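Chain IDs A, B, C, D, E and F follow the sequence of writing; residue 1 opens each chain.
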Amino acid sequence: MARPVTLFTGQWADLPVEELAAKAGTWGFDGLELACWGDHFEVDKALADSGYVDSRRDILERNGLQVHAIGAHLVGQCVCDPIDERHRAILPPEVWGNGEPEGVLQRAAERLKDTARAATLLGVDQVNGFTGSSVWHLLYSFPPNDFDEVERGYQDFADRRPEFGLNFDPSHFAHQFLDSAAFVEAFADRIYHVHVKDSRKTLDGRKSILASHLDFGEAARGWDFVSPGHGDVDFESLFRALNRIGYTGPLSIEWEDSGMDRDWGAPDALAFVRRTDFAPSAIAFDAAMQRSGR
Amino acid sequence: MARPVTLFTGQWADLPVEELAAKAGTWGFDGLELACWGDHFEVDKALADSGYVDSRRDILERNGLQVHAIGAHLVGQCVCDPIDERHRAILPPEVWGNGEPEGVLQRAAERLKDTARAATLLGVDQVNGFTGSSVWHLLYSFPPNDFDEVERGYQDFADRRPEFGLNFDPSHFAHQFLDSAAFVEAFADRIYHVHVKDSRKTLDGRKSILASHLDFGEAARGWDFVSPGHGDVDFESLFRALNRIGYTGPLSIEWEDSGMDRDWGAPDALAFVRRTDFAPSAIAFDAAMQRSGR
Amino acid sequence: MARPVTLFTGQWADLPVEELAAKAGTWGFDGLELACWGDHFEVDKALADSGYVDSRRDILERNGLQVHAIGAHLVGQCVCDPIDERHRAILPPEVWGNGEPEGVLQRAAERLKDTARAATLLGVDQVNGFTGSSVWHLLYSFPPNDFDEVERGYQDFADRRPEFGLNFDPSHFAHQFLDSAAFVEAFADRIYHVHVKDSRKTLDGRKSILASHLDFGEAARGWDFVSPGHGDVDFESLFRALNRIGYTGPLSIEWEDSGMDRDWGAPDALAFVRRTDFAPSAIAFDAAMQRSGR
Amino acid sequence: MARPVTLFTGQWADLPVEELAAKAGTWGFDGLELACWGDHFEVDKALADSGYVDSRRDILERNGLQVHAIGAHLVGQCVCDPIDERHRAILPPEVWGNGEPEGVLQRAAERLKDTARAATLLGVDQVNGFTGSSVWHLLYSFPPNDFDEVERGYQDFADRRPEFGLNFDPSHFAHQFLDSAAFVEAFADRIYHVHVKDSRKTLDGRKSILASHLDFGEAARGWDFVSPGHGDVDFESLFRALNRIGYTGPLSIEWEDSGMDRDWGAPDALAFVRRTDFAPSAIAFDAAMQRSGR
Amino acid sequence: MARPVTLFTGQWADLPVEELAAKAGTWGFDGLELACWGDHFEVDKALADSGYVDSRRDILERNGLQVHAIGAHLVGQCVCDPIDERHRAILPPEVWGNGEPEGVLQRAAERLKDTARAATLLGVDQVNGFTGSSVWHLLYSFPPNDFDEVERGYQDFADRRPEFGLNFDPSHFAHQFLDSAAFVEAFADRIYHVHVKDSRKTLDGRKSILASHLDFGEAARGWDFVSPGHGDVDFESLFRALNRIGYTGPLSIEWEDSGMDRDWGAPDALAFVRRTDFAPSAIAFDAAMQRSGR
Amino acid sequence: MARPVTLFTGQWADLPVEELAAKAGTWGFDGLELACWGDHFEVDKALADSGYVDSRRDILERNGLQVHAIGAHLVGQCVCDPIDERHRAILPPEVWGNGEPEGVLQRAAERLKDTARAATLLGVDQVNGFTGSSVWHLLYSFPPNDFDEVERGYQDFADRRPEFGLNFDPSHFAHQFLDSAAFVEAFADRIYHVHVKDSRKTLDGRKSILASHLDFGEAARGWDFVSPGHGDVDFESLFRALNRIGYTGPLSIEWEDSGMDRDWGAPDALAFVRRTDFAPSAIAFDAAMQRSGR
């Protein structure tokens, strides 16, 4: 059997989870990956109120939906980022507080630990998210970077966080010209979860692969996120690689396409995954010929 | 909601419009773009007989079909072309007359004006067609062209015909290596109607992009028209561009494929457009994340 | 009408033909191409027992299936190959005998003649297969080949076997960078049967197009067979070429994909062929415009 | 030894042949292909004045230059073209006369015959040129062409002009996506002379391969002629093909590049040909190994 | 005549300018673009000591070298950048001071004004450099950027700095998939100076176009700077575009290739530019044919 | 300094080594890689006659040539190959003997050991060659191979022959779509010698990448060996990789091009290597900027 297909709710947080679950159930999804914002999965309530987690489970069950993971991208982003004014918009007020960077980092870290606790109450052992990054702004080395420091940072992270794995998302690989299938095979034991998201290059010599300080959805960008199957991601190769490494977890559609109506797009994406994902073979065909020959 | 999908009837004029409307309705089209030849939409009858236009409307309604535009390609072609023997085959006898070029041009122009009048009677404000061209044969500049004269011709046309817009057809762009989406965005205010038609390059070093004086359908040509979705047109980009410019008019399938049974192809083309065309988004996704975070 | 779609049973010979026929009928195939191994079509029984052929026909009919051809690839391979230990695995014991090469070749040739006789009893005039090859190992000319001898071999084959035609299989062309459509048009009068099979290149500079002595299904190969529609074969062009040469025989899916569950793959392949194969046109479209203009 | 490299003088006809011959000799050319316009090779004088041909030969010899062919492109173009106002600019006044088309065609044909006679006096048996074309304007078949008539025209030409061969010029093939080497091998016995000229595609989605009624040298064109070695022509393959068919005639540089100073370009082109053209091998290398092994 | 070719001295600042000028003169350069670091062009000395500028001019003249521009990249970078520890390494101690950001910015701005004054004393009206950027770190919009603020910043710069032009360097365009020639034509009136530098993509699915926080010269990067002519920059198109816009200033080689010996590379780069850059044509070739025809 | 460039003499064995050495010295080669056939380096004489080795050395010295390696490709090929009639042509009569395979293998192995002894006498510690292969004919696994046996063979070779290294030749990689630079970096410690040879794909849909049992030099092949610089090998990347791994040995041109006169080709190849190979840098450029800034 092919893998379960879930919908990540982060881009639908303007809708009550009740309404979204009804849609997703009707469209035929197998489950939801609940975002920790909007009313989808509220960490503070989950820890404070023993009935809250049951209420979420109930909504899912009524719509025939499973839950394999929750998404804590917004708070997570603020754990390692250099904090600036932009972070205020993605944080709950109590985590932002007075916005003083060191305090924000600490409160975000605490909230993330709480998120893991709340996930456990929901019976889920996977929390997805970003970590933010203290070296992202060093992307281009001028003035020249101290690369030893960058390397020490990587090593420090690897040493202190052995429990971290990857929520693999091929949309970020496609516009970097990276081979998702090769990556998945190289880091097989660290693929903990998979996001199905796509991106599309529209390079014509006038649009930069770096996207030129233009917002998502602007026609002048050189790449953008699009509904799965409408972009450059080679899902055929990716799903074959996931089969080879034995990944049986969910394919969670993180639906994001600035040019498409999402109620048209989500079921289109689901249909795409259903017809593109397949279970691996248990048979070597020439061997079959061989046996039958006898 | 996505755009209405219509079928241009020009390539089916050997069938009575009654028969074609029944097929199109069954296949699920939203409407027809009636050709002004065969019995589909006869300009002279429409102007002469007050019941004629009602009879066309009635046929459409019985089959659940709308009409957004009519097609006057054949007579239109004879308004600016240098007239030669080939034009006899595409003109009604009374427009061809004795075939003397100047007279043909004038009668064709009159008939085109009548077509606009007849369209108005049908409640349609869009007449599609070609204009012919007095400079097409100057395509390759040898003996050297007088390019100032060509430019003056373009300017004269622009000055005298401000009401002209474009019936955009991407099939003519694909084999010229032109970017349909970029064109549509550049000439956004002139996109009055859209034909969905496809073309396909089969270049292998032995077939020329110029098609070598070979008829449509010949295997030795370097490109040919094909059923939508079977060729090189990037409809994903085109439809996104039409969304960006706010085009909400019909996508009219001009079905033409010398290698395919048209009764197989027309519903295949309709299904292709239905699964490829989509309505634009009203939401910016990161903004959504932003709002929900608060 | 489009061509009948059959399933070649060779890669399913571990299943009884009864069970496979039931599956194929349910999936919607038009017929089976029976392999001469497993219990699918046993040449010796067909010749020995007058009821055997009826029993096969009966199984097919009960499942709404036709038969246009049978497949004798395994025994056929041993008619011209230099015999080595590997051939034991693909031959019935009585043909392998003591494995002495000259005897194997003769017994395989006799069995192939019997296969033709058995096919006739089944009402089928097409036997598919390989012939093996006595020059395959000369693929790379070092030490330098005697190319005149190779050429004489080809000529000898052409002289002695005028009745041979091609069971055209595009999967072997794709990874050789050969143009299936061009081949089909060049050898139009020798296309006797068509296998629908696909192959896919995964070249990344570390995987060789020669596949490096790696088994089918290994990720490190540079190409592999895949389910039709999942690879590099240009079926659009191939089916158009088959239309042009007037081929009306079966499209027989030889399903082989080491990375896909075959019960998922076979109906996926059938659906692919149904939506990709189409009947040719009887109309020249501009001519239609021409006639209608009058 | 590699082939002689000559310079076609047609694009330098604003210079007296004396001046041009001095330049070409200095640059190191092996010869000139004299154009029949300017003062380079005047057909009427050659026939009228017995000293004229000697004077041309003398100029060449003084500069160490050979002559293998003459070029009659301008008058030749007017032999089959539909004559219009543009032809006046490329014809001598006595051939244009009153410009009445039928008379122009006849006078151009007579002049071309004279050109052959004059060439013979110069000791040259090759006259290059265009023929013009009565079907060029039928390039796009709408209104639909009578293709039988086109075909009859080709046949008529083939029947009446068995002595015609090709002055092969790859620059016209490159932007048509045609394979010059394949053509040369297919029409080996008709390659009478070779022009070395290059063209370059600058397609970016906004520039058409048809060049859009824009003059040579305009940046907005999708292709243009460029100095040899600066464009898309695969001269490596072409020269190898010329070696295979045994062509030993001149490689005549027809230098034309609207963006380059011609006095910089002509010696650059000569250097390009000298380092790219090479003589064929008389040895099969593995055979060499074979023989030496003994 | 083609454009003068100069060598930017910034990457050679470990050598005394005397030694470098001797090398550059020997290699055949037309001039130097002096860097304002090392002892090449010291702004403070130029302003303080009236003999200093003469001493630089003298060194150049003795080696047959011109000077068209000076380079102030290091101090310039610190005018708009958010200052961090990395800037200490590229600044003179007196500009860095105590490293307090606001003070650094002001001292850098003052030093840049002095640089313009010193350039004037040298008789040069072009100062090249970077400006640094206060928005570079907003390259990826997450947390979501305030794009209006970015836009206001661009507008503010445009309003306040009308005298700024571009020192066009195609090496930064190539790995962004941008078309240098198209840019140069679009911003023709702002191309004040040109750097000849190249970059090379080595994408293989395992190397990112973003270069992955790896230092220049690391084999694992997806792109890197290379000696001119060894990379992806289309200099043919760029130089043609510079011809079209009438740029007659220097082509200044900014030589940087982590994998090549610079004493091998600099003359190789010079030779590359000499054989690739050419003067434009003053003649339209078909027009030439036209005129000569008369 | 760049690497020494030598000429492998195997393809010139029809010439006496005296004559070849004179040519190579004149062309400017740094040395010869002597083949063990023809009279170039005769193993039996070298071992039997103490003056023979001196005579070879003398010929080299008189022409200013070094020797870094000798080539034993022909005898070497017969050490592991399944011997057939073709091997007779590449072996000396005394090694071929009566052609009985087992005896041939043993005598070839003995001769190869003698070759190593003779090389030592010449002061050379590198013997290049092929080994032949007992699994090459298993290239395509049908009948299905026993891949465990293939693997055991590789392991056995690895265990028994730790002293073997690679004479890296990129021409065999190019038509297999393999990345020479990536290979060289992966097997850095096994690159003992480098052959400079090129190959060229001429795939057009009618020519197979497998070359179709056609002799080298046939136009219908899909790839062929060509003179260095005339093919698909990315020497820029290869030489950069050799720089990175610190390879300082010879670049030995194995010149083989069935379509080119070898006396034209060899110096052309030498010039190509001289202008393409370069020494690595000892400087990191931004670091240079950094230091100079202080």
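Note that a contact is a pair of C-beta atoms (placed from the backbone, for glycine too) under 8 Å apart; a residue touches a chain by one contact, two chains touch by 3 or more.
Source: prediction; values computed, not measured.
Student: In terms of contact pairs by residue number, which of A-D, D-F or C-E shares over half with E-F?
Tutor: Having compared contact pairs by residue number, the answer is D-F.
Student: Go through A-B and C-E and name the pair with more C-beta contacts between its chains.
Tutor: Higher C-beta contact count between the two pairs: A-B.
Student: Between chain A and chain F, what's the gap in Å when you average each chain's C-alpha atoms?
Tutor: 50
Student: Rounded to the nearest whole Å, what is the centre-to-centre distance of chain D and chain E, using the mean of the C-alpha atoms as each centre?
Tutor: 43
Student: Chain D: which residues touch two or more other chains?
Tutor: 89-90, 141-144, 179, 182, 204-205, 215-216, 286, 289-290
Student: Quick one: in the complex, what on chain A touches chain B?
Tutor: It is residues 10-14, 35, 37-38, 73-74, 89-93, 202, 204, 215-217, 219, 225, 230, 256-262, 264-265, 268 of chain A that touch chain B.
Student: Please name which positions on chain C make contact with chain B in the complex.
Tutor: 2, 179, 182, 185, 236-237, 240-241, 243-244, 275, 278-286, 288-294
Student: In the complex, go through chain E and note every residue touching chain A.
Tutor: Interface residues on the chain E side: 77, 81, 86-87, 89-90, 130, 135-147, 150, 175-179, 182, 203, 205-211, 213-216, 222.
Student: Chain C touches which residues of chain E in the complex?
Tutor: 204-205
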